[in-house]
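In the two assemblies presented below, subunit A is common to both, partnered first by subunit B and then by subunit C.
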Partner chain A sequence: MRYAIEVDHVTRVFGGKGDKVHAKALDDISLQVDEGELFGLLGPNGAGKTTLIKILATLLLPSEGSVRVLGHDVVKEYNKIRARINMVSGGEISGYGLLTVRENLWMFSQFYGIPPKVARQRMDDLLERFGLLDKADAKVRTISTGQKQKMNVIRGFVTDPDLIYLDEPTLGLDVNASLAIRSFLRKWVKDTPGKTMLLTTHYMVEADELCDRVAIIDQGRILACDSPSNLKRMLKRATTFDIETTAFPGLDSMPSMDGLQGYNSKSVGDRALTRFVVNDEAVISEIISHISSKGGRIIALGKSEATLEDVFIHLVGRGLE
Partner chain B sequence: MRDALRRDLRTIRWSAWLGWQMESNWTNPLLFLVYSIVKPVFGTFILVFMFVIILGDVATDPVLFSYMYVGNAFYMFVAQVMFGVAYVVQEDRERFKTLKQVYIAPISFFLYVVGRALSKMAVTALAVVITLVFGVMALDVAVDLGQTAWLMFGIGLFIGLACICTIGVALAGVTFLTARHSSGINEGIAGLFYLFCGVVYPITVLPQWAQNIGLAIPITYWLELMRRSLVPSMDFSEMSGLGEYSDLSILLFLTLSSMAFLILSIGIFKYADHLARKKGKLDMNSTY
Partner chain C sequence: MDWLLNLRAVKGRAYPRAVGGLREPSWMFFDTLLPLLGIAAFVFYYQALGAPEVYTGYVIIGGAMTAYWLNVLWSMATQFYWEKETGNLELYMMAPMSKMSVLAGMALGGMILTSVRAVSTIVLGVIIFQVEMDISSPGLLAAVFITTLIALYGLGMLFSSLYMLWGRGAWHMSNLMQEPIYLVSGFYFPVREIGFYFALGAAIIPITLGLDAMRQLLFGNETQGLLPVTTELALLLVSAVAFIVAAHFALKKMEYLGRKEGRLTMRWQ
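Presenting the complex of A and B:
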C-alpha cells in the first residue's frame, strides 16, 4: 500500500524568538494517509489543522520534519505535486466577483491544463450535481455565500485531483448547503476508489459520518488516530451521561473527581446541558450533589451513545466548541 | 519541453484574459476611457504647464520639450505596470482570496503576474498613443513617423516593455511579504527610475554619481531609443549624455542591462517566494 501523505515529525513555529507572535502551531506531528482513504482531522479552533493543510498543499514550509505528498517532498518537489492536488478552504469567500461562475471555474481548469472539452463536460456535470446550473452565467458577486462555497468545492474537483484537501468545507453554511456538500463528498469517495481526501473539521458529525480514519488534534499534537468506531471503542470502559439542569454558577468549573474523565456544557436559554464522560458510574452521585450544592436543579438525566466528541472530551477533558 | 511551453503560454493567455476582464470591467465604457486614458493624459498636462510657466512657451526650447514629452509618455508604462502589478498580488490575496488557489496551481506564478501585467500594458499603450498624438497635433512635438527606424523601434519597445514587466514581477514577489499600506516600495522604485533615468530632464543635469546610476538602468537607454526613433529630426545628443553612442550601441546597452535586470528580477522573485512560504505570508491580511 502506498501512502498518499506521509508526515514525519513535523513542527511548525510562527514568528522568531524575538517576535511579538510566537506560536507552535504544530508540535512534532507524524501521520500517514493511505491512497484512497478519506482521512479526517478533527480538532477545535487553533488546533493546527489549517497549518497542516497549508504545508501539505505546498503553501507553507514545515519548520522541522519532513513531508511527502504522493511520494514527493513538499519542500523540494512541489512542482511534481501541484498538478495532482487541489484545495478548498471553507469559511473564506473566494473568487473573482466580476467573472461569472463558469468563467471562474474555466480559468482554473485552464491553469491545470484540462483539455477544453473535458473541462466543459466536468463543469456542467458538477454544476448540475450542486444545483448551480442556473447560476452558471451569473457574476460571482451576485450569488449567495452557500452558492459561492459550492462553486469553490467545484473548483477543487473540476481538476480531478488525486488528492484533495478540504479545510472545514461546510463552515458557516446553512444546513442545506452543508448537506449537499457532504453527500457529494461521500459519493465522490465511493465512486473514485483510488483518490484520497483529507478533510478538516470541528464538526464531529462530519468526521464520524464521512471519514475512514480520524486524527484527533489539539494544540498542535495528535492525541489519537483511528477509525471512528475504534476511537469510540476506546470509551468502552467510559460511559456518557447527559444532564440537563437549571443554570447555576460554576457550571464550567467542576472540581476534579475520581472517575470523571471530562465534560462539556452548553447553555440553552436558562438551562444548561452538560455531557459527562465518566469511567466509573459511581461518580454520578458526586456530580449530582455538587450541582445541588451550587444551587442547580436537575431537570433530566440520561445515558447516551458515545460519539467522537466524547472521545475528544475523554482525551482532552473539555469539549470541541 | 513543448508541453512546458504550451503550459506557460496558456498561463499567460488566461491570466492576461483575467486582467483584461478586470481592467475593462466598467459598466460604462465612457468611464473606462476616462479612467484609463484621460487620467494619464492630464498628468502630462501638468508637466506641459510647468514647462510653459518656467520657460514661457513650448517653442522656447523645442528639443527639450520633445525630449520631456516623449520621455514622460513612455514612462507611463513604468508607473502603471509597477503600481498595477503589486496591486494584483494584494487584491488576489485580500479582496478575492484567490492567491492561495492560483499559487498552488501547476503554473508559474511569475508568468501569471506577467499575464496580468500585459493587460495593464495594453490599457496603458492606448494612453501613451493618445498622449503622443495629442502632443503632435496640439503641441508641435516633432514625432515624424515617416523617418522612424521601425525595426529598431519595434525591437527596442519590446525589450523595454519586457524589462518593465520583469521588474514589476519582482516587485510583485516583494508584495508577497508586505502588507497593503506599509510598503511603498513600488512607488519608491518607480520614483527612483523617474529621478535617474532621464525621463523629463536629461541625466546630464545630475551629478556624476547619479548619472552612473542612470546608466546602469535599462529604462535610460529605452527612453533614449524611443526618442531617437520617434523624433528623428531632433538632435538630443547635446543634452542626453548618450550622444556619442550610435543607435545600435544604445540597443545593445538596453539589451545587456535588461538581461541583468531580468536575472536580478527572477532572483528577487524566487527568494521572496521562498520567504513567503517559509514565513507563511501567502494568505496574510493587511490590517488597516
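Presenting the complex of A and C:
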C-alpha cells in the first residue's frame, strides 16, 4: 500500500519577533494516510487541523519534521504536488461576485490548465449533481451561502484531483446543504478508487459517517488514530449516560469523581443535556446527588451507545463544543 | 515550463478583470465622466492663463493616462492584499501554474479594462475641447504606447509581489505614491518644466517617459520633449524587461517567505 500522505514528527511554530515563540500549532505529530482512503481529522477549533492542511497543501512550511504528499516532499518538490491536489474550506468567500457561478468555476479550472471543453463537461456534471445547474449563470453575489459552498466544493473537484483536502466543508450550512455535500463526498470516494480525501471537521457525526479512519487531534497533538469503530471499541470498559436536567449553577464545573472520565454539557433553553462517560457505573449516584445538591432536577436519564464524541471526551476530558 | 497551462492561467485571471469590470454600467459615470471634470478644470485653467492651445491636448492625454496609473496602484499593487482577504490568494498559490501568470493575467485584464475607459476619456475630451492631434508616426506612437503599458504594468507586477505580505502597509504606500507621481511624471504639463534632471529621475515611473514621448509624437514641434522619442522608447523597453524580471524574483521570494512565516493566508483562514 502506498501512502498519499506521510507526516513524520512535524512541529509548526508561529513565532513572533526575535526568538519569542508565540504558539505551537503542531507538536511532533506523525501520521500516514493510505491512497484511496477517506481520512478524518477531528478536533476542536485551534487544535491544529487547519495548520496541518496548509502544510499538506504546500501553503505553509513545517518548522520541524518532514511531510511527503503523493510521494513528494512539500518543501522541495511542491510544484509536483500542486497539479494533483485541491482544497476546499468551509465558509470560503473565494471567487468574484461579479462573475457567474460557471465563470468562476471555469476561471479556477484554467489555473490547472484544464482544456475548456473538458472543464465545461465536468462543470455541467458537477452542477447537476449538486442541484446547482439552474444557478450556473447567476452572479455569485446573488446566490445563497449554501449555494456558494456547493460551488466551492465543485471548484475543488472540477480539477479531478488525486488528493483533496476538505477543511470543515459543511461549516455553518443548513441540514439539506450539508447532506448534499456529505452524500457527494461519500460517492466520490466510492466511485473513484485510488483518490484520497482528507477531511477536517468538528462534527462528530460527519467523521463517524464518512471516514475510513479518524485522527483525534487536540492542542497540536494526535491523541488517537484508528477507524471510528475501533476508536469506539476503546470505550468498551466505559459507559455513556445522557442526563437531562433543569439548568443549575455550576453546570460546567463538576468536581472530579472516581469513575468519571469526562462529560460535556449543552444548555437548551432552561434545560441542560449532559453526556457523562464513566468507567464505573456506581459513580452515577454520586453525579445525581451532586446535581440535586446544586438545585438541579433530573428530567430524564438514559444509557447510550458509544459515539466518537464519547471517544473524544474520554481522550481529552471535555467535549468539542 | 508548461506554456499551455500558463497561457490558460493568464486568460483565466484576465477574464474577471476585463469582462467583470465592465459588467456594471456605472463605470461610464465614475471612470469616464467624473475624470473628465478634473481634466476640464485644468483646461479652463490653462485657457484663463492664455497658455498655448497644445496644453489642452497635454491635459487630455495626461488625464487618460491617469486611469492606467490608478489601475496599477489600486488594482495591481494592492491586489494580492485583497485576494488574501477573500481567500483567493491561497488558491492561486496552491495551483500548479507559474504565479507570474496570475500577475500577467491581472495586468492584461487591467490594460483591457482601463483602455476602454482611457479611450472613452480621450474621445470625449477631443470632441468637447476640439483638440487637434497630428498622428504622423502611428507605428512609433503605438510602439511607445504599448511599451509604456508593459513597463507600467511590469512595475505594478513588482509592487504586487512586494506588497503581498505587507497587508495594510500596501494601502498606505499606494496612497503615498498617488498624488506625487501626478506632479513628477507631468500628468498635466510637459515634464521638462520641473527641471531636466528631476524629470530624468522621475523616469523610473514609466508613465513619465511614455507621456512625454506620446506628446512629442501627437503635438509635434510645439512640445518641449525631455529626450528624443527613440531614446525614450529604448529606456521604456529596458524598464519593461527590468520590472518584469524583478517581479519574477520578488514573487518567488515573497512566496517562500509567506510559506515560511504563514502569511499567505489570513489568521482565521
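Quick note on the criterion: the second predicted complex is superposed on the first by the 315 of 321 C-alpha atoms of A that agree within 3 Å, B and C clash if a C-alpha of one lies under 4 Å from a C-alpha of the other, contacts with A are read in each partner's own complex, and residues count from 1 in each chain.
Here is the rule we use: a residue touches a chain if its C-beta (ideal position, glycine included) is under 8 Å from a C-beta of that chain, and two chains touch if they have at least 3 such contacts.
Note that this is a predicted model, so its numbers are computed, not measured.
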**Request:** Would you mind checking whether subunit B and subunit C clash or fit side by side on subunit A after the superposition?
**Result:** clash
**Request:** Identify the partner contact of A:L26: answer first if only subunit B is touched, second if only subunit C is, both if each is, neither if none is.
**Result:** neither
**Request:** Determine, under the contact definition given at the top, whether A:G113 touches first (subunit B), second (subunit C), both, or neither.
**Result:** both
**Prompt:** Touching A:L99 in the superposition: subunit B (first), subunit C (second), both, neither?
**Reply:** both
**Message:** Per the contact definition in the header, classify A:I243: touching subunit B only (first), subunit C only (second), both, or neither.
**Reply:** neither
**Request:** Find the residues of subunit A that appear in the contact set with subunit B and again in the contact set with subunit C.
**Result:** 14, 54, 57-61, 79, 82-83, 85-87, 89, 92-96, 98-99, 103, 107-108, 110-113
**Item:** Touching residues (chain side subunit A, partner subunit C) in the complex
**Value:** 14, 50, 54, 57-61, 79, 82-83, 85-87, 89, 92-96, 98-99, 103, 106-114
**Item:** subunit B-touching residues of subunit A, taken from the complex the two chains share
**Value:** 14, 54, 57-61, 79, 82-83, 85-87, 89, 92-99, 103, 107-108, 110-113, 155
**Message:** Under the definition above, what is the set of subunit C residues touching subunit A in their complex?
**Reply:** 2, 4-5, 8-9, 11-13, 15-16, 19-21, 23-24, 86-88, 90-97, 101-102, 259-260, 262, 264-265, 269
**Request:** Spell out the part of subunit B that touches subunit A in their complex, as residue ranges.
**Result:** 7, 10-11, 13-14, 17-18, 21-22, 25, 96-98, 100-107, 112, 277-278, 280, 282-283
